[in-house]
Each structure stands twice: as structure tokens, then as C-alpha cells.
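Next come two complexes, and both contain chain A; in the first it sits with chain B, in the second with chain C.
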Partner chain A sequence: MRQRTHEGFLRHKGFRWAQIATLLCLVVVAVYFFVAARLAEPPSGGSWLGYTLGTISAGLIVWLACLGIRKRVITAGHYSLKAWVSAHVYLGLSLTVLATLHTGFQFGWNVHTLAYVLMMLVIASGALGIWAYATLPQRLHGNRGETTRKQMLEAIESLDKQLHDLAQPLDRAGAQVVRLSLEQTEIGGGFWRRLTGAHGDCANLRAMRKLKQLPAPATPRQAEALARIETVLQQKADVLGLARRQMQITALLEGWLFVHIPATFALLAALTAHVVSVFTYW
Partner chain B sequence: MSELYKIAIIGSGPAGLSAAAHAAKKGISHVLLEKTDHLSDTIFRYQKGKHVMATPAVLVLRADCEFDAGKREKILAQWDADAKAAGVNVRFKAEAKAITGEKGDFTIELTKGQPIRAENIVLAIGTQGNPNLMRCDGAALPHVQYQLDDPGEYTDEHIFVVGSGDAGIENALGLAADAAQGNTVTILNRSADFARAKKANVDNLIAARDAGRMTIMTETSPVLVEPGWITVETPQGSSRYKCDRIIARMGASPPRKFVEAAGLSFASDSPSAFPTLTPTFESSSKPGIYVIGALAGYPLIKHCMNQGYDVVEFISGVTDLEPADEPLLKDKLKALPGLLSVSQWLEFLRSKVEILNGLSPLQMREFLLDSEVRAYKPGEAIFIRNDQGSSLFGIADGAVKVEVDPSNPNITVPIGAGSIFGEVGLISGRKRGATIRASEPTICVEIPRMAALKLMAQVPEARETVNRITSERQVLQIFKSGLTPADISEVLAGAEVMEVRPGQAIINEGDVSDDLYIIRSGSMIVEKNLGGKPVFMSYVPAGSYSGEMAMMERSPRVATVKAAIRSTVVKLPAEPFRALLARKPELAKRMQTEMRARREINAFIEEQKEEFGGAVDMYSSVANFLIKQGIGEATDVLLIDESLCVGCDNCEKACADSHDGLSRLNREAGTTFANIHVPTSCRHCEHPHCMSDCPPNAIRRGPDGEVFISDTCIGCGNCQRACPYGVIQMDKPPPPKPSLFSWMLFGKGPGPGQPDYEWRKKASKGGAGGESPKLAIKCDMCSGKAGGPACVRACPTGAAIRVSPDAFLSVARIDRGAG
Partner chain C sequence: MAQEFHLKLITQRSGGGDPIVRERRLEGLEATIGRAPDNDIVLADLSIDPQHARMRFIGPGRIGIESVSGLPFRVAGKSVQSAVVDAAGHPVVAFGEYTLSFAPGEEAEAVEVTVTREDDEHHASPGVFSLQAKVFGRRNMAWVLGSGIFLLCLAIPMIFVLFMANPKIHPDQQWSTGPLSKAHAFMEKDCKSCHANAFVAVRDEACLTCHTADPATAPKALDAARRLGSPFEPRLVAEHAAHADLEKATPLPPGFGRKVSVMVQRTLNHPTDRCASCHVEHTPAKGGDPTAPLSDKPKLVVVQDCESCHSQLKMRLAKTDLIDTPDWSKHPGFRALVMTQAGPKPSFQRVALDTAPQERNGLIFPHRLHLDPLGGVARQAIGLGKAAGYGAALECASCHRRDASGTSFLPIEMERDCADCHSLAYAKVGGELRDLPHGDLDKVVATLAGRTVSASGGSDRTRPGQIRPTAFAASGASAYRATFSRGGACYDCHTITWDGDTVRMAPVKLAAKYLPRGGFDHGVPEHGGPGLAKKGGFKCADCHRAQTSDKSGDVLIPDLAKCGTCHGQTTAKIAAADDADCTTCHSFHKPGQATPKPGHPPLRTLRWTEAITRREAGA
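Moving on, here comes the complex of A and B:
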């Protein structure tokens, strides 16, 4: 159910930037083979065509990197971040063609090839990002329903409060189990843990196991408390599961950026070295 | 017999206190009666440390008490000192019960102690002090109380708290706080949720219930109180509980009964009506009793204090006192031609404009403070077609012409002096339907929506006039076709204005009826039963009609038409309308064409339903979901397509960064249906709930249709409570952040978006900013920003869109959804 004015960043304006990028690639490929057919060896970065392609590619790289600034500077004028992202995606992909032709297929163990490899790494991680943005949002929102992150944390907090109150009549061993869940449960953890969703050693889970192994309660009051604690621990496990799945999908949506952004900065550095060395030593 | 005072002042709020201070300064014998044991109870009960504002800023304060914006404590201390310095004769714990006698010798009965005698009485009791009483049997028993001073006083009691506002919840929590007190506390709530209370209070209440410290009964109301017992009505039936004490906190209402019993008459039966007063604040039905402050319709502190001063002057015989608002009015009227004085202008407008005829000079003065008077040259546009505007215009002098045909500005309809225009925008909240220009030198008074509604509530004649003219003009505007008022007089004679509740049907499918309906305000949805299920066919906004098929073809109704929100419709009887159609073939042709178009849409949906049943069901249920979310009263709403939203919150960050660092939307909160998420963000309703009770009148509709809060906001929080969608928050702008580049390069400051609480606290400590009040903030649709709403511009994936409901609920969406 979409209105015509309502298109995602990939379909923006009827794939306008996909068309522009494809056209750009086609023109560049045609020119390249037209020129190459008349030469003994393929045109290298040092030829006029190489310089042209290099200049276009370097310009594109710098412009593509500016998305990070555009995203954060909220100016009052007419602009659409969606259009920027659309152009960023398709022009970024077109760099695989432009920059490869710029190399003239000459690779080696040098800063020039390093810049090329970093660029391909940035593009590959970006492609991962396109996949993530195109497929994960459904799962992200399907998982949380109408519960917000804040509500999930508040739910855990309120369950903790209940656990604390319920644990009052317990003996030392029982209290220890509740304290394990109260004090050592980690909702998220490091990025890797969030990404993989490996929470097998979760303190709440351990508390639930230990609760079952406790000796029979001494008084009926304790027995009742233990029974209610078991329910609350299970409720807490459910909310934790929900929150962790949410964090896992969020981590997947963000994970590629941990490659994309640092690689972009490395690329900008390598690109600078590449350009400077070309003009200094050639 | 006790002493006869010259003036007895009831109520020691800003108005009463100011009157008493002035009387004391003038050496007039007086007494100030206060029901509690401190001055100015309404402000005393403000939350600790609350910043009290002093608006309107332009109004000069004329009083013997100081008042300037500041903390509640500072203001109260100042007034205590002022009262003492002036030598005010104040009687605490003196609650007036009844007023008897005549001017020159009134007697005020008190609930405790000797009656008080006075020649004149000033009523400055405000509107807050009277708690709403329980109305069930036994409510008068002594264990029913309306106040809880110290929750620690009660032990081992079964206590029921009635009421779901903050006061009730706080009382219940207080009573249950200490388990050692042994109280069994139950809170009763008439509705299903605690919508009127602060979130923190509700959270604490739920936590206390979960911890077993108290019981919450929702959708429950008391039906019978007996000593030691209470009977309540629950959704499951009625039950009787043990009960030693009932604390009823059900809000307060203006003490109309008390005032009427004293012999004062009110302008109308409307709950919002005020007592009728002379220009000197004296009751027009009971001489010697003066009414000032909120009870007289002036809720702002400065107004109240000025009136306190003025009323004492009037009582002591001064007749030519220049009102404190005189310079304001002078300023307002100075651009007009002719050299009339303020009071001459007031009289001129009042006598010339028909709907103002019923106002008193005092009301006229107040009315003009809210309104604008302007002079127009011949040919000058007063408003343009499709402008946003909800104000009403009255023509005091001259005449205007309405350009009824957008394609040909030469076709005009005249409106003469004394009449009004702009009433359709006022009532429906939709854009202006036609351009209106002055046809000769003209003087018009522009009445903002709130002032116009107040006028209609106060003066029944004004309401009738506006209603009559509205129906007539609306019919002319909807059907056009060169109709004149004379043509439709017969149709209008049988017209009936009806209020429709949300969900109530005005037309039922299959019924045999043939009246025509015009939607004056609100909106309707059209549903048809297809394959045993109601299917959403179309959305009919205000300013449109429904029911023409049965009227023209004398066939049973083909679809059900029901209200999406609270609406007003005008029912036009079929017979005279058919006669009109017979006389006007052009109108008949026009309606035939429109009917054919509507029929084609219906046929299209029915056909689609057979082929793509799923898509139509989806379309229908999405439409119903959006209507349920209040989209039916929205003019512009932010929606998020969850199949595209990556949860980056760039929309929120963009909102914060383009509005003083505070985000006015909450992306995650709100409801979702079939990928469409309605975040917590302003919908810019046709008739904004937030506008209904804004003391400084700070909430207005801007030129692009946006509902915004101007900088005259006093931070009272009424709008926050009134908004059913929870989109208004009270907050103060955070201190300025370091620039984006120093954040990107050196990690300075909190980065883009709304800074977190910790950072704000730390950063504001360093600055010399001093105290700044919490004001109401909400979405202003980024008005004045060339690129439009920042949230939409800043969405990287195109998930965020802003739409108007009629565009969104159009049938054009079906085939794309199916395809």
C-alpha cells in the first residue's frame, strides 16, 4: 500500500539514480574499450583516460563521504536525505566500474592498490547495508510490536522490584538465587554478544535453574513466595528475550557501519596518499 | 449586631488580594474572607518551585501588590508581605456559605463563626475552589471527604479514593505508602485508564498495586454510601465493600450554584457562561455584588490584579477611571480612519455588527482585546481562497464581494455592512473556500476562533445568526450552480442541525429514507457491506454532502454513512430539494455528474473486492485503523512505513536540531497497523483540543495550517492535558550545544539530536542562564522553513511521510496496493 509520492530510498523517483549510475557505467565502459582497441596495452592510470576516471572517482568518493555530514546538519532549505541516500547507493556501486577501469588492471603491493582494496571494502560493506536496510525493518518492527525500548527496560525494572519484594520471606539460599537474577543479569552486553544473541550464560536463566534445585521450603509462606518468584523470573526471561532480539536486529542494522565508516576514513587517507604520491613522483 | 464593612471581598487570590490591598491603602473599611489558612489557594496549590508567568506582557500592572514572573514561593511571599504592609484585614478559614440582603446591607453566612455584614461584596472566588461532589445516595455522610491534608492521620481503615486524576492518585499512594499504618486502600476509576494523570503517578500506582499495597478498580463508580460500607458498580455488576472513609477527588468546577443563589444571573445555561456584569463589574441582576477575576472570565493573574484595583475605585465612587487596557485598545485602533475615542469605537462596532449587538460595554472591551479591527481599500483582498484561517469577520462599515468562481474573479456575490463572513472556516476548520475583497472602503473586525466561540456561548442571538448564515452559505458554496439565497430559502426552512457522535450512523445501508446531509464540521466515512463485511468506500470531509443517491433516485440507501469523529451535520429535507432540482436544471446536471463519479468509485471497489479480496480488505482495515487513531480530525499527520524504517531516529534528531534542541515527536511510541506506524506527533487537528483552554490564547493556527504555540505560553499545562494524542510536552530548552564539527572532530558536546538529561543538567549548571520556565512545546510543522518538515527531509530511507487524511484515504491507493 504505497502512494506514488511515497517511495523508499531504492525506488526514489522511479529509480532515477540507478538509471544515472547505469548510464555513467555504460558510457565509461564504451569509451574505455573504444580507446583500448587502438592501443597496444590497456590504458593505465597515467593515460588521459586514467586521469579523467581517477578525477571522477576521487570526486565521487569525497562526495559520497559527505553523506555523514549531510545527515547530521539539519538546514532549513529544500533537500531530501532519501534522495542523497539513493544517489549514494547507486553512484557508490558505480565506483566498482569506474575505479577498476581507472586502475587499468594494474595491481601491486603499493599504496595505490591499497586505496583500491579499501574502496572495494567500503562498497562491499555498503552492499551489506543495502541488504540490511531492505530486509530487516520488517523484522525490527514485527518483533517489538508496539512496545518501545523504554517500556521494555521499565518492564524489567518493575519485575526486578517485584522480585525484590517477593524475596523478603526467603531464607539465605533462596535470597541468593533472586540476588543472582537482580544483580548480575546483563540485558545487552558487548556488540558481539548483541549481534550473535548468545546469552546462554544469562544470570536470570541461571537463577531459574538454581531455583528448581533449591531444597523444599520450610514454611508455606516461603513456598508461595517461591512459586510466585518462578513466574516472575519467567516473565523477566520473556521480556529479556524480546529486548535482546530487538538489540540483535538493531546490531545487524548497525553492524555493517562498523566496517563501512572506519574503512571510509582509511580510504580517504589512502586516497590522499595515492593522489599526493602520483603528483610528486610521476 | 456585628460591624458593617464598606466592602467584603470573598476569595484572596490575585483579584481579591489586590482589591483588599487597594481598599486598605485607601482606608476603606473592608474584610478579606479566605476559606483556607493561607492567601491565594489556587497558586498555593501549584507544585513546589513552579514558575509563574506574567502575561500579557504589554498589559500594565495597576495594583497595590507587586507581581512579576517568578517562582511560586517568591510570589506568595511577596503577596504575604504586601498584604501585611497594606494592612489588609484578612479572615482565614472563613468560607462563605450564602449571601443574603441588598446593596448597603448584605449578610454573608459562613460555614463557621459569626456572619459578616457589608455594604458591597466583591466576589473573587475564581473557578478552582469548589470540589465536584459525589452524587450517589449517602454522599452527604460525614465519612465522605474532599480533601486529604495528612495521609499519616489514618490507621487501620478501609479507605476508598474516588477519582483518577493526580490528586486522587497521590492521596491513594500517600495512604498506602506505609504498610505499618495498616490501611486497606482502594482507588476507583470511572474509565478504563488513568488518562488525566501524570505518567509517573500512574506508574507508581500500578507498581503499588502489583506489590499488593492497594487495589485499583477501573470502569467502576460508587452507587451507594452507607456507614461503614460502599456499594460500587463494576462492569461485572455491583458489589458491596467494607469502607470507613471515602476520599473523593473528582476535580473542581466553577461555583455557579452559590453565585446564582446570591441572586446573580448568568449569560446562558452553557457551563462556560459567565455572570452578566456592568462595565464596573457590578452584577446586572444584583446591584452591590461585584464579580472579578476568573469567575468573571479573566483567568490571567495580571487582569485579575488590575480588576481588584479597579473595582475598589468603582465602589468608592470613581466613574471615569481609565481602564488599564485602554493603551492597548488605543494602540489597536490607532491605524483606523477617523478620530474616534476608544469608547466611541467600541460603541460603533457594537452597534454596527449584528452579532455584537448583544454584548455589554465591558464584554465588548474584553472582546476587542482578542480581536483585530482593520480598514481595507476597495479591491484589497481580506483573505484568499485556500488560505488557512478559522477566524470570523464582521463588517462594521462598507461592503465586501465574494469571488465564488475560482476560474473567473469577475463573478462575485456581495455581503453588506453588519453581516459576517469567514464562518465556514470558523466552524469546519478547513481552508477558505473563496477569495473575499473589499468592494468599497471597508472596516472589518476579525474575531479569532476562540473569541468567536466565546461570543456564541455568551450571546444566544449571535449563535443563531452565525448558524443561520452558515447553513445558507454552505449550501450555496457546495452546490454553486448560480443559486441565490432566495432559491434555497425553502430548503433551509426545513433544515435541521444535528450533532453526531463518533461511530454514529446518519444513513444506514438498505434504509428507505431520502434526506440529504451536509457535513458542517468533522468528517464521515462511507461503508458498504460486501460479502458480509463492512468495506470502507470513501471519506467525506466537512464542506461536502452525502445521501444524494437516495434523494435523487428515491431508492433505498446503498451504503452506510457514519461519523469518523464528533461531527455536525445539516439535514436537508428531500422534497423541497427535489423541487429545487426541478427548477434548476444546471444544479441537477451538476449533481448527476458528481453522483456518477461516486458510483464509479463504489463499483470499482466492489469489482476489486471480487478479484483482489485481500487487497480491498487490507485497504478497508487500514482506513478503519487510521480513523480510530483520530486521523479523521487531522489535517496533516506524520506516518512511518515500518517496512522502510531502520530505527535510526534521525527524524527525532532533525526535529530537535531544528527546534531549540527538543524533539517534538516520539518515533517509537504510538500505534501500528499493517506496516503503518502512527508516531506520537501532532496531527494538527481541525478543531485542536489543545486550543480549548489556553489562558493566554497562545495556541493558534498558522498560515500553512499548522497549530503552534506562540511565546506567550505561560506553562500552565492545560493543553498537555487536553491533547488526546499525548503530543504536547512541558519542557525547557536545553543550553546551546557545541557545534557539529567540534563534536565530529573532538567529541565535544552530546552530538546531534536532543541532548540527554545528564548533559543538560551539567551544561546548564555552568551557564548564567538562571531560572527558565517549563513551557508547552509541540510540532509546528517546521513552519517558516523553506524545505518543509525536518523529520521527513531527514529520513534516509523515505519511511517518514506527512499526509492529509483525504489524500491518504483515497481509493487511488487500492490498485497500487493490489498491483
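Moving on, here comes the complex of A and C:
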């Protein structure tokens, strides 16, 4: 019988890759502090230890970047994607130690430090990703309850239709208010709005405020329409709130990739420049 | 047939499929348009006013449309308050999302109006929940950043490096792994002044462009440094040994990592015997006093010490005749460079001092005679008096004068150092004495030619500045013969032979340095130099046994054991104890000199102007 309990990529095989990465770091730190003091020159990437750490680090970076290729290939077995991700996470974190020791703590305004900074940026964004994947899916589930994303959108659409129909008897001013909600409301919004969840100037909200400021309706029919419109606008605001929280959590879940992926490509380029330039001016 | 509107209302189905078409006739010449249900044409669009516009026939096929609410409508894309359209032209008038297309009706004078709604309803897909960035999408940014960095940081600098000779900008500067030392900072922008060839480690030729001590090319080196804009005069350095021998003679460094490193470097065309192997640039001079002069220079990385190469050297370099010195106690005794043949081209031989070697310098000079405090020389020195710089028995400094640096002595010059006693005067003309020209036998012979002895007899020992009576005592003999004969001016110190009537004199050459591979500082107080020495310091006679030497051929240099009296001892044994390592007497780049401490002169003293002053001062 296959075990049904879910084991995430972090706990894969009882933290096997966490152990391997920790061991790697410990060994490297021990070797560094043993060797660096005995080096004739100040520790740098140019000593034998520096070259060794640099080769390991560069190899790791290239392998880590290959996750992008690996995840698009469906395979099974020992080298499961979960194992890859687990190794990716822990070996990636161990790079902070390996590459820092490779620098010999020498930094400057040059392409070499650029590569280092980009690498740290990739790792930091990756760490955010670990946090996101470890905590956000639960929040995502808690927020939406039993409602699916499709249902949320359908609800908004249906409420819009109701608003459109209800507003038909209204005069121009009333119609403008409803149009504001119908035409200007953005469910998601841009990148930062989604990440921050700042929807204070939401058109639906503004419409609700303006509705209250309208002059007294001319006919009982209009009065009735306005009363119903107010209810529907509030219902729409509730659904929007739910959908937007969903979007914000999703944005947090995906946002780190907007740093992680571009920074990885930048890193690969800077790493190439770093290695080639070092040997150009050997 | 009357003028009337045939309305055709077309509704697109949101789910697709055939549109719903409803047709209706409007009786009368006028029709109202608006959102309110009491209009002739009801347009359920909230951007349209309840009573928005009115249209009516104003001629055959011609319809006037005007806004009644004040809100405009669009004809041919233009926003208007009123318009007249001709159905024959199939005009289209737009109200909000609705369009009214006019066309001549099937029946005469009737106009067909097709009302359609532009269905721009779009349904949000669940994909809307995903984070998207239009411009700064993941893929866009990845490619832009990646290729941008590749271009700016690698491709463009590489083009400059490989194909540009004297570029105005230096994009390869970003490849610098760290600042250059202050001494070399003027080349900071010009990577290629040292990194001459891409993918080839910095070669010695680049360093020697400015630093070669080779006498033939050294002037060019100084010019090169000026041309490159160096504010400092480069230090000229000599090879420690023939370069080809250096790597061969050097063992692999200690430690596994270093051994592997050296072997890998040698394999990858990154030789470890280059200047840059030890003098490392682009690295902070960590450790030590940051204000020390060395921190201004490239970081010196010493992987090998003297002992590691000078141990079992013959195993690596069979042709060497150097004796191994694995440590201080194994240091061989001194083998002085002893002159075996004096003359303009003297020949030398290294001879161990413990064999009491004799030097053939051609000079007759007994040190004992001159230093005997009770002898005749002492008497004469006392007689000369203090005013003449004597007044007491001779001491070493009476003849051996310190040079400007104070570390060594000037070569002996007869006129300056001997002539106070050993007069060269041969004649008195108008009350002034004439001296023989010392140093050139032919000139002496020419000077004396034709002269005869004129002086009267008297004491053989005369005051300086007087003509020596015995020099001309041989009555009837020529002054020439007398000068070179017993009692003559030259006879005491020079070995004279006669070839018939022609005088022959053994050439004289005094050794300048007996130990050319080591430096000794006579200026140190403990070495007899001026200043207060630690207790147990030395005087000349403590090391040089001149007072008992009867022959000028005696080599009066003390052996190594004498150095060991203080060096390598503890202060418990001798107060003047001092450390002793190889650098005390030897240096890597300047054979025959001690390694200066703290290594180099301060950088500021190497500025061109100060360097010239320094040279003029003879330092």
C-alpha cells in the first residue's frame, strides 16, 4: 500500500537534502577556517581554495537553474521532481555559505561582486518562495472556503447584470453612478495593487458613496430601483473583497518568482562574465 | 407610400449562435430615441439618457437627428448634437454601445433602421487570479536582464579587449577584482598595460618594462614608467638567479592544496615563477600596519622561504655549485672572493676563510707595522699632530674612511689615505712641491725623465710635504732609477722589478668586496658604527685581526662564527644578541645586500623629484 500522507518538498525523505546541505556547509566552513589562515595571500577566489569553492558554486548555480528545465519534463522514479525541488532549496541555501567563502570577503564595484549580489538576490527571493509555499496555500484555502474562483467571477458578473437592469429607470445622474461600478471596477488591478491589496479607490466603493449623495428620486419607481441597487452594490463589494484577498495571496505566492526568475537569468549572465573575465585577465 | 421607419432590432446572443432579429414599423415622421421604455427606439444602455434624441424625416430619404437631452451621439466617429443623414449613403449613427444603421427601405420613401448592440461583454477567466506583469513579465525581464548583463559586462568589454588598441573608454575596468596598490594605481584604467594578452597570465615582460635592472635596458625602463604616467620612479630589480633555473630549483610548496594548486597552474599555462606569482595586485594588503610602506606596494605573497629552495638544491638543479643552507647552523663558512691576480682585469677565486687564504693584490702593506702603538709609524703620526688629523698612534679610521651611507667604506685612495706620510713630492718649484702622479706608471716615468738627484742627504724619515732625501741620495743616478729603488717613493709599497733599464711594477688592485653574496652594515653601532651600541658591541679589532697581520695578502674578514657570537644568540648569553635569518644578510632581488627593513622605502620618496634628490645625495 502506498502511503497516503502528504510529505512536502521541504520534508522530503526526512530532510535528506537539508542534512546533505548542512554537512556540505560545515565541511566547507571548517576547511576555510583551517586553510585561509595558512594561505600566503589574503583569502580570495584566486587561491586554490577559492578556485575549488568557485567551481563547486558555479556548478551548483547551473544545476539549480536547470530546475526550470527539469520541472517541464514529466518523469517518475528516484529523481522525482519533489526530490529535485528539495535539493534545489537546500543546496541553493548552502550557496550563501559556499559563494561567500569563495569571495574571501572581498567585495567591490565590479562584475564579480555583481554576480555575488545577484546570486544572493536569487537566494533571498527563493527563501521568500519557500515561506510562501509553506504558509500561503492554507491561507488561500481558508479565504475562499467552498467557493471556487470561477464562482466568484460568475457572482460578480451576475451582480453586474442585475445592476445594469436595475439602473434602467434611473436618470442620468443615477445611471452614471451605476456605470461607475459597472465600467470602472477592476477586480485585480496591477502588480503592486495585487501584492499590497490596496483597493481603497475601488470604483464600486466610490459608486456606493456617490449613490448616497444622489438627490431624492423623482418617482417611486426610481426610489425602489435605487434601494435595490444599493443592496446589490454591497453584495458586489463583498464578493470583490473575497476575490481580491484570493488574488493578494496568489500574488504573494507567485510574486517572488518575478524576482527569482529574472535574477537567475541575470545571474547566469553575470556568472559567465565573472568566469570569462577572470580568465581573460588571468 | 408614406415616409416611415422600418426598425430592425438585432440582438447578438452572448452564448453565440444566430442573432435574434425583431422587426417593427414606426408610424409617423418622427421617432424618439432613449433609455426610457416610452421611447420609439429603446436603447438599454446606461450611458444613454432616458430621453436622448429625436429623429425625423426632413426630405425624401433624408433624416435629421438631434439630441434632446444635451448628450451627444456619434456620426462617422464624430461626437455631435445634431446631424442630417441621407439613407442612400448607408450612414451609421452610434448611441453608446448601440449603432443605428440607416438604409433605403424596400418600399419607396421608407427608411430601414437597423439597431445593433456591440457586444463587448468579456468574461473574466479564472486566470485573472494569477499575478501578471505586462512590461515586467518574468520572461521579458529574464531575457532583458540576462542579455543586458551579458552585453554590458562581457561582450562589449571583450570587444574592446580583443580589437581596440587605444580606446578612450575602458569598459574592462569592471573586471578588476580589486583596487591596485598605490604604487600602481596610475595604471588602474589601463588593464592592458599589464594584462597584455587575453587569456594569458601576466608575464614578467610586462613588469620588466619598467622594473628591469639590466644595465642595458634600465634607462629604457625608466622612460617607459614615465610614458605610462607613473608618478614614481620604479624600483629596478634583478633576477634572483637565471630565470630558467628558478622554477627548476624551486620545490613544490608545502601543503597539499598548494601543491595541487601549483601543479594545476603550471599545467594551465599559469607559471608560478612569474613576478606576479609573488607580487599580487588587486588584493587588499591585509594584516600588518596599513601605513607601512609595503601596503603601498603590491601584496608580497611568499610561498617559499629561502631554506625550502636552498635545501637539497642539487637534486633539483644538478649544475649548481651552491652549498645547501637548510638552516643557520648549516650555513657554510665564508668563502671570500680572493684576488688571485691583480691588475686592470683582476681574477678572483672563492676561498674558504678557514684556509687562511692569501690575496695577491700587488701591494706591500703590513697592517701590524701601521697599527703598532709603540712603533715608528705611531711616532710619525703623533708628530704630525692633531691639526693634521693625527696626533696619536694610527687607528683603522685614520686610513679607512666611511662612505656617505655609513654602511661601508670608501675604497683606499693613496693620495688621500696614505700621502700624509708617504710623500709623492719629487721637486720644489718656486717654493711649491710637485707630486708624482700616482696610479699611472708611464706618467711617473715621463715626469721623472731627465731629472737628476738634487736634494741633500739627511734623515730618511721626513715630514710630509718634503722631498724625501734618500730618494735622491744615489749620487749620479737618475731620479727615475732612484724613485723606484730602495728608499725611493714607490719602493716601499710596490713590487718593483727591472728589465734592463726599464722599471716593471706589479699591478695593484684592492678588493672592494670579499663577500659579494651577503650584505654587512658597518653603520650598526654593534658593528662598530657610530652611536651607542648595546653592551657587547664590537670594535674593528674584534673582528679584523689587522694588528697581527704582516702581509697585505692576509684576508682580514672574520669567518661566519664571529657573526654567530651575537646573531642567533640569546640576550642571556650576550647583551648584543640579535636575531638572524637569511634576510639579515641576503635579499632575493639584490644579491649582496641585506633585505631592507621594512622592505621598501616609503612610496612618497620614490616620486621622480625626490628620487633625483636622493640620487644626488648619493643615497
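In the analysis below, the second predicted complex is superposed on the first by the 267 of 282 C-alpha atoms of A that agree within 3 Å, B and C clash if a C-alpha of one lies under 4 Å from a C-alpha of the other, contacts with A are read in each partner's own complex, and residues count from 1 in each chain.
One rule holds in what follows: a contact is a pair of C-beta atoms (placed from the backbone, for glycine too) under 8 Å apart; a residue touches a chain by one contact, two chains touch by 3 or more.
Predicted model, so just to flag it, every value in this text is computed and none were measured.
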Touched partner set for A:250, first chain B, second chain C, both or neither: both
Superposed model, chain A: greater residue contact from chain B or chain C: C
First, second, both or neither for A:263, with chain B first and chain C second: second
Partner chain(s) touched by A:149 [first = chain B, second = chain C, both, neither]: both
First (chain B), second (chain C), both or neither touched by A:49: second
Partner chain(s) touched by A:209 [first = chain B, second = chain C, both, neither]: neither
Contacts of A:72 with chain B and chain C, given as first, second, both or neither: first
Doubly contacted residues of chain A, that is, touched by chain B and again by chain C: 148-150, 250
Residues of chain C defined as touching chain A within the complex: 35-37, 44, 46-47, 49-50, 69, 71, 123-126, 128-133, 136, 138-139, 141-150, 153-154, 157-158, 161, 172, 174-179, 191, 195, 198-202, 255, 257-258, 260-261, 264, 270, 280, 283-287, 299, 301-303
Touch list for chain B against partner chain A, complex: 203, 206-207, 210-211, 618-619, 622, 641-647, 650, 653-654, 657-658, 666, 668-672, 674-677, 740, 744, 752, 782, 784-788, 790, 793-799, 801, 803, 807-808, 812-813, 816-817
Interface residues, chain A side, partner chain C - complex: 35, 38, 40-42, 44-49, 51, 106, 108-112, 114, 148-150, 153, 156-157, 164, 167-172, 175-176, 178-179, 182, 187-188, 191, 194-195, 243, 246-247, 250-251, 254-255, 257-258, 261-266, 268-270, 272-273, 276-282
Residues of chain A touching chain B in the complex: 1-9, 12, 69, 71-82, 84-85, 132-133, 136-138, 140-141, 144-146, 148-150, 154, 158, 161-162, 165, 250, 253
